[in-house]
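Each in structure tokens, the structures are laid out below.
Same chain, two partners: subunit A is paired with subunit B first, then with subunit C.
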Partner chain A sequence: MTNLPLWLIPLFPLLGTILLGTIAVVSSGSKKGAAENIVGGLAVIFPAMSFACVTVLACGMPESGIRETLCNWIDFPLLHVDIGFLFDGLSRIMLLFVTGIGTLIALYSIGYMHGDRGFARFFAYINLFLFSMIVLVLSDNLLLTFFGWEGVGLCSYLLIGFWNKDLKNCKAANKAFIVNRVGDIGFLLGMLCLLSIGGAAVLNYDIFNQFMQMILNGGHLDLVFTLLTLTGVLFFVGCTGKSAQIPLLTWLPDAMAGPTPVSALIHAATMVTSGVYLVARMGKMFCMLPEVLLLIAFVGMFTALWAAITGLFQNDIKKVLAYSTISQLGYMFMAAGVCAFDASIFHVFTHAFFKAALFLGAGAVIHSLAGEQDMRKMGGLLKKTPVTACVMIFAFFAIVGFPGFAGFWSKDLILEKLVSNGPVIAMPFALGGSVNVPVGMILYVVGLATAVITAVYMGRLIIMTFFGEYRGSKESEAHIHEAPAVMLIPMVVLTFGSIFAGYLWADMIGITFFKDSLAAALGGAEAVGESILSVHHVNPVLFAVLGTLAALLGMFIAWRVYANKKIPTPKDSGAPEGSAAAWTFVWDYIHVGFVFPVRVIAWICDVVVDKFLQAFQWTLGAIGEILGDGASTFQVRRVRLQLALSITGVALIVLVALFAEGIVGIPDFVFKLIDSVKSLLGRVI
Partner chain B sequence: MELQPIFIQILALAIFAVGIIVAISRRNLFFVLMGIELALNAVNLSFVGFAKTLPAEASLTGQIVPLFSIAIAAAEACVGFAMVILIFRNRESVDADSYSNMRG
Partner chain C sequence: MDTILFNLIWVIPLVTVLACIPIPAARERLLRGIHTASATLVLGIVCYLTFRVYAIGSVSANEVAAPLLLRFFTDIPWLSMFNAHYIVGADGLNMLLLALTAFIVWAGVLVSYRIKGNQKVFFALIQILATSVYGVYMSFDLVLFFVFYEMEALCMYLMIACYGSGKRDYGGKKLTLTLAFGSSMILATLFGLYFEGGVNSWSIMELSKVTLPMEFQMWAFPLMFMGFAVSSSLFPFHFWSPDGHSAAPTAVSMLAAGVMMKMGAYGCLRVAMFLMPEAAKIWLPYVVALLIFNVVLGPFIALRHKDLKYITAYSSISHLGLIFLGLAALTPVGLRGASLQMISHGFLTGLFFATIGMIYERTHTRDITQMGGIMRKMPFLGVGFVLAGFAGLGLPGFSGFIAESTIFIGAFQQDSTLTRIVTILAILSITTTAVYILQTANRMLHGPLPQKYESLTDGCFREKLVIVVLVACLLFIGICPGWISDMLDWSIAPIFAKISAATQPVIGGIGG
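Let's turn to the complex of A and B:
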């Protein structure tokens, strides 16, 4: 057992942010910018130190995890929150790949961002992102997780709009930020609901788990079931925002406007999976709510299928990968929806490797083609950039689930769990009677179909990019070059990850290391879920065979359709479209339906309420001004006299106050004076 | 004869009156400032005088607060003199009656 304090882990990226931010601000005036090797070195060293801390802690972690409370944050009768950290099996896995892949991608970015004017600024953002992500994962309560959740959202916004000279990028950044806010409302309201059920301290994960266990053991589920279901739905809304699920998925494809390492780190490997992390973290609650689980599973299913189909029609290499990310996230939620939280986290883990590798490969391709992202202008790059091509092809095998690669283990595990855990629901007919719907089977069939489509569109990407003839212009062909070593090393490391990461949980050859390491953290949520969902055991080999067949079928279709197809020269530009919605994305139009009434309300507020209030305000202001003008004529314009009058005034006010309180009696001569004045007046009148 | 609390109040009132009269009647800015300081310290004295009428343990607050007020008065005097010096540099005069730029 080591005694490294947990706060060291987020501290390093925070220091990096401050240091690099200072460098960025200081060097912003100079013509050349800060020296790239120093900035790049700093940018890598801080995440690397963080990773080292995590590794040391991960090796010496006791079974129950490490808890550490830094200080009290909020403490009043309704809410008690500490700033504390929880390092258990779940946060260990997340932290290992967040800091590890973060370090690799920072290293890669040194090559990718070479010569960019905002070099130091970029790395300051990356470090800030890692800090927020670590806080999100490491915190021991929901509120601090929410802090990190907002932090990663902010960094995502900053990095999508990193090249802010182009208005399209800024629009994409705004879209990502605003769509995420919709989800965040779900998160906030969910916390509020939870507080109203569980009391002041329930936001802490340990107390949360105890509370849920108490509800389960005591059989009080009926009492809070409605509110708890609402809580579950609200938290899931939060997750759909961050993890780009239906209906809040539209921001992720547009987020590809950012630099490619950002897409790899934030919009593929880490940030977008935080929704899955949250569901797994709160698994103890979700496993008691079959309706919410069903919702999660079906949303995941539709998202996976929809995004995969959309991916077939994209020409931008990064957009294909974006849709594939959404689709894979759909798989993770499907798994979470049948209480297989460990399987979904396992897919998060393997997906982080192969999707980061794919994105970094795509970045290397874009880099070698001097910014070209349109796959219709690529082709035949296998000979020109062999290392990148190998990385991408290995990662391709991982994502389609080719036997032995990482995706094979995790995706087939999810598909297997869908059948074994999937509930059977009695669906009432309109005409009376009911029919038993095997939900697990439906999920499985759609999941398998999605796996085929995945193989098709990924095969299309590989074929269009690396095989056939080069379709760009002749002069650009001469400039194609392999990426520098600083970019290739992280890619190769991630490739090894995407080949071997799956062997941490290979059921078929009897390795369940990953499952065991998560078991304590998930706290028996799966066991509860499985008892509710009535699990029946199935033969994993059958699923592996079917999954492999699906991958092979998809690859075969891709080869038949795209290998010999003449790809037309593009008429429109292949540049990222910013916030412009592609036709395949009906969801953008659905969003408009929600945005329009808000706009109407905003217009009413602007024209009616605001103008009315302004008129009121102006009236008050005018009265004040007139009164002020009048009062200023009382000024005697001489300092000493003014002072004397002021003092006299104060003295008079004090006297009046004293008289009014009856502390000092009014002297008799005042009454006599008043009487004499009265009599005088009476005589005059 | 024992020191009666009312005597302290009378002394404080006298000092306060002197301070105010100086502040109002002198034209030299330095005297104006000094008058204000005198008035302020008269109030401090009055504070301590009232504190003396209470029993010993309760009077502690009344004796400590004037110490704070003296410290703040010192700070305020610094600022006041800095302003006087600036105004003097600007106008080359310490006559309060010549400062009539700010009339409304």
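Let's turn to the complex of A and C:
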């Protein structure tokens, strides 16, 4: 059964895109739109078939992975890129949850998007997204990954601005695309650098790994170290864009303007983790660059902490989840920063389940409240929508790392790795001497603090939404209803995932299935990293206990602070607030700080350079015109005047010629005249 | 047989014009039908010939057509008093440019069905314009080349001044005079080439076999390069393009930006750089310095404009800057990227100006602040515009990405700091491109719909066909560039071989 061709996996969503796109275009003229059950069925069946392919392939995959080259894409003397696929441990795990969760969310969307004008269009985009995401993950070279990378960015743009009647949504979409674009430049420049180090074929992952191994074994590292470090930084810039890390994180909260299933699929479970995937995929390179690793770890740390704090102040249920996504992504980068790529991918995997469940739960809440997203107008929904509440609460336990749930295994693993792999750096003092800074310890303490805050803001979300009294208007209370089955089924499946996904790698009870499955794809990089970082082993139970205590502490704080607190009703109409907590989020201001110089440069380019040059050109033209006009005024129809002018002219020329040749001397009185004029002028002045 | 067909490419449009003379101008339907049929016929021929050229591949051509590997080679004595011949032929690059032209002319005829004014004359002018462009891309004799090159500016003036909009007289004059200024520089150097070459021939093949004296090259190359670059709107000579494009009717904008602006870059490559490679090596670094303005200025100015055609014109300026970046890099990858960009950008701006024209036909304004929400009224045209935008900002899958990244890689290989800095600037300016394209799409297509646009209609079949065909071309080049890069590969090889073989003599004073 393993001889299924790999290209079938991306083919199905592509077919879905084409089919649904055609339906959307054809039915755009009609009043009713296409039949929803047909469109919905098509929209689910294609990702599901893709998922089936992945499952079949995943079961029979040989240790070294499957490689397949479809055809040549670009063949230039210094750039050789094939359209080829690589199905190994890393892409297997990514594909499993991308297609699996993609299918579930497509199913959920049938219920959520019911009655929308752009029903078919929505599913065409979703299928296009899945196609791009699959290409991103499955490709065997960086350029094809970039193709998918841009494709998912495009879909994210299209889906954030899906309800394009409201200009705010479109602005959010633009922001997402443009901020991502800044990151993409990092990716592009990184590829350029890599090409100039490694030559035409280095973009292929296999050759990339061999090349890095060669550098390492040959001891030529110091020759290319500077350029390689630059490459690493540039690629990481690309990752910060896609995965919403400092400083390119402002787009993700705004991206919540899209429909909620989109937020669940793209802005929580799959697309935003592609940065982590890329770092893991290029682990062979990153593990040789301690400075870059340190940068990644610290960026991850700051992002995790910062986003968690900001999450405390949000009132929009989706924004809380958005900040929590950013914070969790920060954890993943922290892990990648200490060369624990498998741990970071494991967190990607578990996070996909519980964050998707949380988002879908939030979507169900919003759906039942007819579009209300403000948590201050919710409350007491536990009795009205019990299934949704259970889903959210289980996912909540998973995200805070309650023992036994998925987040417990993955987050504690990351925290453990931070201590065990964390480098110790000698920091020189200004006055001489140096001190050893235990970077791993710093990362761990901040990570643990972030875990506490995570429990607080997530607890706040659960309490404000499901406990207490309903705070909305009376008439809206009557309409509250549980979501339809088509929405509940995916939520329940994901809940099971967020409970049990963690058991794939439960070190404490001796299961390392997940680690082993990734070993072939990542092992080399980890080994190199560990040899550089001087790993010391620690007792995992201690970290589990501390992590659990952090979660419990956070939940306790949340319960004490928010359970009995009187929540003020919002003054405004309850529309989702744009930047309610902008003051915590200085990054928005920093971005504005970038927008302003751009305006200035544009002004300079337009007014100073362009207009100035045009003015110069006009002046030239004007001079030409004046000269022409001046000449033409003499061309009058008066014979005598013309004759007089010509004679004067001739006489002048003759005189000048005579004087110039010295045939006729200049008479003395001319000099005298000039002298007297001079003296007269002198007296006057 | 193929050679006859090849020569028919430029004859058919002229014959069509002559055939239409007896038809009264009032019978517009008939006239439109004839012109559409003729454009379609030429398109068919060109496509067939392109396939032929692709199929033949790089097998060596006959001896006269060497060193350029020309197909369909024809050489007939023409003006015997100064040895001008009628020499036409095509290699892969020419053939692809011809195909581009055929597509754009075909699309231009289709979008001009509702042009106001005397349609008989308008379509006749389009066909003459087409003839001149085909001629430029076919001829390998400098006199013939120049005749065709001059014809186009004249047609352009008439069409802009008579059928344009806005400041059409001003725009038309500015365009024509600036182009004439460029042509005068070219003409001067053409005579120089003839007399300095010493082979009594205007043929590019003959002239390429001799090495021109260095003193001549040193002044002739910049003059000729700049003369061609005027029509490709290289930095100090780009003013004509925004004014000219905005005043021109849709079809003329498409032809001017899509095809005619490539003629300059093509001339730089085929005539200036190919015949004077020694001077090219010395002078091109200075061109790179000028490009900073092209690649940086273009996007930023586009950011400030509100008129759709101005925005597109400035974006063209930045994209054409990339072509010159590829040329000036003087690496095989760079040259290939530049020629790929010529073709890709042709389709791209063609699509851009076509959709803008269609939208303008309905809204009667090109000011994006006046529009809004028209995506709901014209989804098809809106999607066409957005696709053009995405192709323009270099999204993978569209041709722009392949062409641009090839140029970047090619330019980055050049071992000069200046070129690398300009390359990095160009890559950074991609972000600015994204900003102005998305901002424009937002303001124009989304948000609330003004009352006056309630009755707008989406594109008709003819317009949809144009959009679909152009988008298909963009996607085709983007997804399977191998097909085209194969053809460019062996076409560029002789040019690059000649340039790399040129040894750089030591000259005091300039460059070095």
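Here is the rule we use: the second predicted complex is superposed on the first by the 598 of 685 C-alpha atoms of A that agree within 3 Å, B and C clash if a C-alpha of one lies under 4 Å from a C-alpha of the other, contacts with A are read in each partner's own complex, and residues count from 1 in each chain.
We adopt the following convention: a contact is a pair of C-beta atoms (placed from the backbone, for glycine too) under 8 Å apart; a residue touches a chain by one contact, two chains touch by 3 or more.
Note that the structure is a prediction, hence the values are computed from the model and not measured.
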Problem set entry | Partner chain in contact with A:S476 - subunit B first, subunit C second, else both or neither | neither
For this session: In the overlay, answer first, second, both or neither for which of subunit B and subunit C A:C170 touches.
Result: second
Exercise. More residues of subunit A are touched by which partner: subunit B or subunit C?
Worked result: C
For this session: Would you check which partner chain A:P77 touches, where first means subunit B only, second means subunit C only, and both and neither mean what they say?
Result: second
For this session: Kindly classify A:T512 by the partners it touches after superposition: subunit B alone (first), subunit C alone (second), both, or neither?
Result: neither
Exercise. Which holds for A:Q614: it touches subunit B only (first), subunit C only (second), both, or neither?
Worked result: second
Exercise. Regarding the shared-chain residue A:V639, is it in contact with subunit B (first), subunit C (second), both, or neither?
Worked result: first
Exercise. Touch check for A:V182: first (subunit B), second (subunit C), both, or neither?
Worked result: second
Exercise. Touching A:D606 in the superposition: subunit B (first), subunit C (second), both, neither?
Worked result: second
Exercise. Where on subunit A do subunit B and subunit C both make contact?
Worked result: none
Problem set entry | In the complex, subunit A residues that touch subunit B | 632-633, 635, 637-640, 643-644, 647
Exercise. Across the complex, what residues on subunit C touch subunit A?
Worked result: 236, 239, 293, 296-297, 300-301, 303-304, 332-333, 336, 373, 375-376, 379-380, 390, 393, 395-397, 401-402, 405-406, 408-410, 412-413, 424, 427-428, 430-432, 434-435, 438-439, 442, 445-448, 458, 480-482, 485
Seminar exercise, completed: As the complex stands, subunit B meets subunit A at residues 20, 23-25, 27, 32, 96-97, 99-100, 103-104
Exercise. Of all residues in subunit A, which touch subunit C in the complex?
Worked result: 25, 28-29, 71-79, 146-147, 150-151, 154, 157, 161, 164-167, 170-171, 173-174, 177-178, 181-182, 184-185, 188-189, 192, 195-196, 598, 601-603, 605-606, 609-610, 613-614, 617
